[in-house]
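The following pair of complexes shares a single chain, chain A, combined with chain B in the former and chain C in the latter.
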Partner chain A sequence: MPTPWRIILGLLAVLACSPASAAESDVCIIAHLDVPIDELSRGSILDFYTGDIRQWSDGSPVVLFDQEDNDTVRDRFFSFLGKSSSRMRTLWMKRMLAGEGEPPATYGGDSAMVAAVASTPSAIGFAQRSAVTDDVKVLLVIPEREP
Partner chain B sequence: MARRFSDIGLGTKQAVGFGFILLITIALGFFLITQVNALRKSVIDVTDLYLPRIIALNTISQDAVTLHLLQLEYLRAEDDGQRRSITLGMSVLVDGISAALDQYDSLRTTAEQRAIFIESDREYFGRFEERWDDYLSASFAFFGLVQADSTDAAQQVMGSEMTPAIQGVTEAIETLVQNTIRESDVAADEATATWEKTRTVTRIAVFAAVVLATLMAILLVRLTLVPVRRLRAAAQQIETGDLSASVAVNQRDEIGQLAISFNRMSDSLRRARDKEAEQAKALRAQYDELQATLSELRSTQEQLLLKEKMASLGDMVAGLAHEINNPIGSIIAANDTATRATSRVRELLDDNSLADETRSKLTRVLSVLADTQGITTTAGERIAKLIQSLKNFSRLDEAEYQVVDIHAGIESTLTLLANRIDSQILIEREFGDLPRIGAYPSLLNQVFLNVLKNAVTAITPPGSIRIRTTSVAEAVEIEISDTGIGIPPERLERIFDVGFTRSASRIKMGSGLSTAYAIMERHGGEIRLQSHPGAGTTVYLRLPVELRPTHSDRPAK
Partner chain C sequence: MRRNNQHLLRLLLTGLLIAGPAYLTLAPSAEAQRHAAPLRIFGYFQSQFYHQEWLGGGGDQNSFQLQQLNLMLQKDLARRWTAFVNFEVVNNFSSFRDWGSFNLEEAWIRWRFDNRLSLRLGLQIPTFNNLNTIKNRTPVIPYIIRPLPYERSFEEFIRIDEYIPQQAYVQAFGWLPIGSAKIDYAAYLGNSANINEDSDLGQTGIDTTDLLLFGGRIGMRWGDFKAGASITYDEYVLGNSVAIIEMEPEQPSTNKVPRLRLGGDLSFRLGPIFSENEIINVRYDESGPVSDLDILFYYLTLGVATDEGVQVYASYWRTDESLVTDIEDLDLTLDIYGLGIVVPVSGAFFYKAQYARVEQEFKPDVNGVTSQAINYFSMAISVSF
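Let's look at the complex of A and B:
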């Protein structure tokens, strides 16, 4: 087999593996291992974050986490929900001022988020897959943005 | 297929004309509706999209600033009660901002659907959202610090983050509002442009429609009214009797066909009139011919009547002459015998045997007897001569064509008229040396009788009648002049007319000159009259020596 063909085959192999490597940058919706469900729909996640649903199916209160200073992941997450960060925060401000609940606690970086979710029962958050460990439950993977 | 407009039917012409105008009107109508719709859209864009957007953005801006002010108050609040009421106010404001944002979203969706949303808006709105997000993020931190009683830190967050953020928010909204105003201005400008365009196009279309309608009207008038007027003029010409009228045809529509029919009708009329005129002419000729024939017939009839009259007169005269001849013969014979007897008696007286007295008596008686016999002889001879003249005049026994002595005829006529000729009327005879001519003697004698009778009648004695005869080449001329009253000119004109008399009720002889004319004509001769009233009349007769046959020389019946 001549050398050029090997190179071409090698490149093809790299291209074939790229989805796997891209999956590392996927944003995952994660939850504490104890939450009573294994997956969530987009609508349900939106309902949690807008405060329309505040309890898990077993009655335990939902604890929402947010990131800060990680615009890439946050943008992916909020645009997946169809609400901009400012609109979401406006809602949270409304709720807070109306005394209906505190805004989500924030954590700087994916690892801090994963650690916080793992250590807080009933917690739900989001992080890049690369930072996700077995200590948390992945409820939904936000797919790659369509070109 | 190239057809001239003038050849199209009238209905089609009108349909084309009005259809054209209708088309322009419809097109204008559609154009106006379209433009009005565009205007309406522009107005709706301004009132339904741009104005609410500006209002929503202003609401957000004002509420955000007020929210910031309330947060400052919240920081300075002295107790929880005050804080709760401020929090309530802030909640209402955030509610308003949220609602305004929702409204802005829906307006943006509508604008995007109508393709009037500008990309720069998205960029400016993105900047606003960013600043608003920063402000909210700082606000959460601020409230957290306030609740943790870290007032100084909270104040610091407010000063370093929230105030610049709220300024950014108002600036971004200001930019957005300006942008929206610009957009609405563009929409307004578009509306104005649309209005201007509509006005211009409408003006042009109305002007074009007016011009076209006028042109169409002129064309229709030219193609309909003008030929119709020409037709009317031609019809009036025909009405006044001028059948040469015709209409120039240069179109093939209904009017053109009408003009062609009209011209045909005019031609037919003209031909009919010409034919009629010819017939009238022929009829007139026939009438004249018939009139001439009638006149001739009348003349012939009169001649026949005259002839018949003469014939019966002749018969009578002949009978009379015959009847008189015999007794006259007897008288003459008896008288002869008586004369001879008287001579014998005279001889016997000479023998002196008788007494002288007796002899002288007898001699006296014989003398008377001899005188009587002489008178009887003279009278008898005279009667015999008269009878001869009568027979001579009437020529009853020789009425046919023969060689005639003119002078003998004249003399016979004079003899017949002798008793009517006054002794004071002198008959002058200037007889030339005439050849004997071929003629109908009884007819010629009739002419002489009529002419001489007229002459005698015209003269109031004393007077004279001059009869002059001359011989010219192949003809004889007889001139009979009188010293009578003459004939007035107006009478002279009609002197030879048949039956010219004052009484038309029955046939009369009148002057008898018409008969004389007819007889002269029959002989191939001629008769002329010359008269001066008061000075007398001269009749000229001319007869050819040889009777030439004429058209009227028909066998006498």
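Let's look at the complex of A and C:
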């Protein structure tokens, strides 16, 4: 292989493994700026998304957002929670049919999710870090490669 | 002492029924009033085709059936309050043809403080074991024919009311964290078994005694592991129109037969493997005129679920009813071996198929026959909307 191509490929490999690149594809759990906490554990996020906990610590109702099906960010988010998306759908349907609440509203794409969370008090959602702005609070980061 | 306790309970119940709506009327938040929540209408139905063959010969059957349709309405009335109504139609309901039934299953209002305490007032399905509150939510359970005491479409020939409490009117429930586990609880009050079903005798659907049904469940969840124990207590008054009394027509109407239902449930997921298991034992006080009456039911389900939501399972159910009286001994056992599959077409539409082999043994004999077996094949669509 000619030397210039080796240099280019080497540079690409370095870029792909750099912290900045990994950070861009991290999935962030984001919330509206008014929520009364600054970080969340995996267990608490699972409690929110399964409906076990429906209020923030100040008593305001948690508003859940979801991304549309077949989204890799969505798959990574639910995989982090230890649930498949079909399992989550069943859990939400159980809740709805038991009269205990609707499934989360869905948004197509990270930018739409960030905009929805930013404009909805008490909202929580998830998006790729590259789309996250200062209009939302980052509560937890799921690294691209979990340990 | 017992009478005083019942009086106290009635006062508490009355207080809750009055104070709840009063609080709702007087204290909804200003924000809730400004942004009235919409009325949500949703539901589901399950329609099946089945083939049933009697292994002793004769009586084979093919039939389509709209097994069940539920229509639900929900409205959030204020920040902590929601109202819910659930209508249920079973077995190709037609009032014109006198088929099936149409039921008001639930109509309740729920006040939620937080995860530790919620209170429901009004007609509701009480918490008992794992399946009772979701037994009729066909899109979220894998079965076409449910474990028998939960199968509403068999109500015409199985006394499902004996096994499981069907209705309550006041229920407190919630969960408490203990380390990484959650302790679930539910406690409820409802009517006793003495419901008037004869309009010639007065208002139907009401408890004709001053007795109540008391019940509850305590359980634990830890990750995908869930277990619990359930109990209900009520009393039959002999002379009312229930099955036990028909066995003892000579007993004075003031005699009471205490009934205790005990339940246990265990369900878990281990990777793709899931399992659901329950046991129910119904006991009657044997010091009274019914010398021995026992009902036992249990089911075991073991299956595999894929990430896409396909489920394949095998199950075994058993019911055992025995009644010993001065007049005669009755015994009925049912062993049911089943296989099933669920394939989701979308998040709201599922194909289901199920095979069940039913083996019955009974005493006394019917025309010299003491056992029979049935093969049951079924396919269904289950749709939520």
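Rule of thumb we're sticking to: the second predicted complex is superposed on the first by the 126 of 147 C-alpha atoms of A that agree within 3 Å, B and C clash if a C-alpha of one lies under 4 Å from a C-alpha of the other, contacts with A are read in each partner's own complex, and residues count from 1 in each chain.
Rule of thumb we're sticking to: a contact is a pair of C-beta atoms (placed from the backbone, for glycine too) under 8 Å apart; a residue touches a chain by one contact, two chains touch by 3 or more.
Worth saying up front: this structure is predicted, and the values here are computed from it rather than measured.
Once chain A of one complex is fitted onto chain A of the other, the partner contacts of A:119 are absent, as it touches neither chain B nor chain C.
In the superposition on chain A, A:55 makes contact with chain C only, not with chain B.
Of the two partner chains placed by the overlay, neither chain B nor chain C lies in contact with A:25.
In the superposed model, C is the one of chain B and chain C that contacts more residues of chain A.
Contacts of A:94 after superposition on the shared chain: both chain B and chain C are touched.
Contact with both chain B and chain C is seen for A:84 once the two complexes are overlaid on the shared chain. Chain A residues in contact with chain B (one complex) as well as with chain C (other complex) are 84-87, 89-90, 93-94, 96-99. Listing the residues of chain A that touch chain C in their complex gives 43, 52-55, 61, 69, 84-87, 89-90, 93-94, 96-99, 102. Residue ranges on chain B touching chain A, taken from their complex, read 87-88, 90-91, 94-95, 97-98, 101, 129-130, 132-133, 136-137, 139-140, 143.
Across the complex, chain B is touched by residues 68, 84-87, 89-94, 96-99, 103 of chain A. Residues 40, 42, 44, 70, 72, 74, 79, 82, 84, 86, 106, 108, 110, 112, 114-115, 133-134, 137, 139-140, 175, 180, 182, 305, 307-309, 344, 347-348, 384 of chain C are the ones touching chain A in the complex.
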